[in-house]
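Structures given as structure tokens follow.
In the two complexes below, subunit A is the common chain; its partner is subunit B in one and subunit C in the other.
On to the complex of A and B.
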């Protein structure tokens, strides 16, 4: 009998985590409700507020609501799972296992991305039904590709939140109370350039800000976002997403080392 | 000599009320940590109002609509503390395994639930007051000093009615696996059906009827009426509607709890719902 290599162990841990996330979702799919109810309401309210302003305002409403839905599923799902680990007492055994905790989180993130896309689709259908037709998209294929990319950038924020949940129980506070601040800061329903100029550099610290700007450039003719255009938006999104992944990896490594040295996770 | 049989012990109404008022925020109410409470009172109203103000600005809604949404969202944020927090009491009792003990206790149910609502009522009141202060100072909503008494009555009644509605949802949640779904639905549905961001008359008629069943619709109408300086007759009608919606909510909540309690005693399985 041969011992499994570390790569195999990590892949297996991610696979098992993904499988467990799917099983938990199927057993209790209620999480889809919170991640769709609010975005549907926000989408319909925005559609009403944009009524009569032109065909492309429907795109604003759908993009914003879709992003909110994905935020709900990806960030809440990822962060909340770590909080649950802490509450149920499974965080310590998971962290002291040979496989790095990051690979367990990765499995959850993958499922949350898929579920978030599903939630986004539900929101899209409801808003389109209320509007009486789909939005006009100059380049539907590019739109879909970029939409998935927005999802990936959100997932990167989700990984950082999951790391923050390991590091501090106050991450839940930021996640809940800061929800609207995140919507404003990333310009999910309106261009960030509408905000005071001094807020723009802060907004650019979030990967979805870049990705959403790119998405609007390709889906709304005449869109006036950041002056550098959607190509640089994409480059910025990739760069900031990479930084987020690096931060998350560093935090997880640091916490794991601390736990192994002190044998105590209660400090965090 | 035979030992006398002890009479059934029934804690006094006010003892039950105050015990629950003081302990519930630490035990069964959701999101009652100090940081969450401060965030609910000071941060959420501001960010929600700013968010919708920019949405209106993008849609070329003008300053009148921005003022409309500012007042609407200032009041709508009351839902976090009054509905979302209160309706989670049922979940918490089930998760902590205290539901069975609660059901067999001789405590007066009305005092028990009313007591649990006291802190959320105070937080709801504070949330609306802070939200309206933001509306006045940041969004330039004119609130004349002469309207303050009427506004204060409207805000207090709204907070009471909304907590009553939260208790009602907590009663419904007794039958469900979790109250998260209900809490989320009613946390946000008011934004659409209660005239928070646009007049209720913009909605299709069936949705207007649903909106009329929500205390937030009447509370918001009373607060808008008070700010606009409506006559006492008009405000009296709206206050009556807010109070009625609160009384009906609490009445239905008590009825539901009574029904599910009887069912639980008959089957012994309420914790499995």
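On to the complex of A and C.
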């Protein structure tokens, strides 16, 4: 029989992977903690921390706790899903299927973006409830667009983490060591410009750095980030994300070749 | 490549590199396959036998595009496994079996649906195909249960269902009946035979000699990374010295008695093995001239003597070949 590996079947594979991610999420109640309970806690703590810090304290609270809830779900989750495939022994049959593994990873990343946004929404609702009203946002529509775009940039880095998990079973170690450096280094916690200058060029290699700077520009009047404004930040984020997307296929092809050479696909 | 061949392997070498020691600084190389040559015809069941660590799984993974050869050429269905990976993957089924390799938190139907989509099975056919393979492996009653509730045997059946879901032209089965109860194992063998009738080529690795004997018209024995025999079972019988085996048991034998047995007409080999105080001599016999009665007549003075004849089994052949290779 003839089976297509056309774009249509690749899209189907991404859809199947998204569906599987949802099924696995629903089937595993422990996910309620990072998706719902943790954002509630982060939201309340953040609200108390920033209470009384000027007119935009609610925005600070939402951005701080929101990023804390979302970055792990989106970025860490993308690599973790591939690590799970290794643990379950499903990486081997998945790689053995005719669809390139990248399309499977994309499905999971889409789900992780959605789950991350859900965490962000929970934080928003918690802070709004605690404050008794919504935050002051100079441009709410742009805020929402950039908020979603931040997730896309986090997902683009998630692809790299997923590739690392295909490459080696030790990727979890690298991810565990690097996660907080990444969290701080890309400005999830506070603006990158507050860090020593030598860290800034490195931070700009990662799409979320640009997107988060843009998000702060549009949501906090008077914010002094990299200094070139949210428009250039957005352009930079799109460009760097584009580079990540462009090299993703090559990265996965090379990583797959490497694991077929080493023969450690079933190791966990 | 000959069109009648499903698999053609030439001088296949596969080396694994591993690292150990302080900061993994010390490299070691293990040669798992050492110049394997193999032809497998289309539309038949081919058995690959070998002791643990012989390289069976390595060879199966190379043939099914999950591992790259270090050197040599490997063609499956007329296509190179290194260059035409994508083309081959949609036409190959692989059943590695075991407890792993399935999404345990979802049910069998959902597991199959996921892989059906990865294999690009048309959406209009997908559900029907899933129901069909679930029925073929006799899992209909448990199809909507989570896989984590499955026994090892049920998981094995689900692995098989996944392997045949996309109707592959060639199916690689690595120990397909391991963990199955006798009834399920028999049904699996029946399923394998029915797939061959449908034109599927089966490449089977197994430790169960009776299974290979029952299913495979032709088998190869892999030992220490080399094919030490590749023939029909009748051919292998003749190679190891006859299709009749006479077993003689007593409380020890003298050397001159063993020499006398070796000199009997048609006896190609006499091997001894101790079982506590008992000693068993196994005679491979090529002709009908030597019978249990002849043997009994040559061994007077053993009131406890027991002599019986049986057909030389594939297990006998296999053990002879592996032993030969070890020497």
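General observations
Convention: the second predicted complex is superposed on the first by the 224 of 268 C-alpha atoms of A that agree within 3 Å, B and C clash if a C-alpha of one lies under 4 Å from a C-alpha of the other, contacts with A are read in each partner's own complex, and residues count from 1 in each chain.
Heads up, the rule we're going with is that contacts are C-beta pairs under 8 Å (C-beta built on N, C-alpha and C of every residue); 3 or more make two chains touch, one makes a residue touch a chain.
Because the structure is predicted, anything quoted here is derived from the model rather than measured.
By the document's definition of touching, of the two partners only subunit B reaches A:60; subunit C does not.
Contact with subunit C, but none with subunit B, is seen for A:261 once the two complexes are overlaid on the shared chain.
Of the two partner chains placed around the shared chain by superposition, subunit B and subunit C are both touched by A:28. In the superposed pair of complexes, A:227 makes contact with neither subunit B nor subunit C.
In the superposition on chain A, A:133 makes contact with neither subunit B nor subunit C.
Once the two complexes are overlaid on the shared chain, A:201 sits clear of subunit B and of subunit C alike.
Under the contact criterion defined above, the residues of subunit A that touch both subunit B in one complex and subunit C in the other are 28. Within the complex formed with subunit C, the subunit A residues making contact are 1-6, 9, 12-13, 15-17, 19-20, 23-24, 27-28, 88-90, 92-99, 104, 257, 260-263, 265-266.
Contact residues on subunit C toward subunit A in their complex (touch as defined above): 16-17, 58, 61, 64-68, 86, 89-92, 94, 96, 98, 100-106, 110, 113-115, 117-121, 123, 146, 162, 166-167, 169.
The part of subunit B that touches subunit A in the complex is made up of residues 31, 33, 35-36, 39-40, 43-44, 47-48, 50-52, 54-61, 65, 69, 177-178, 180-181, 184-185, 187-189, 191-192, 196-198, 202. If you check the complex, the residues on subunit A that touch subunit B are 28, 30, 33-34, 37-38, 41-42, 44-46, 48-51, 53, 57, 60, 170, 173, 176-181, 183-184, 189-191, 194-195.
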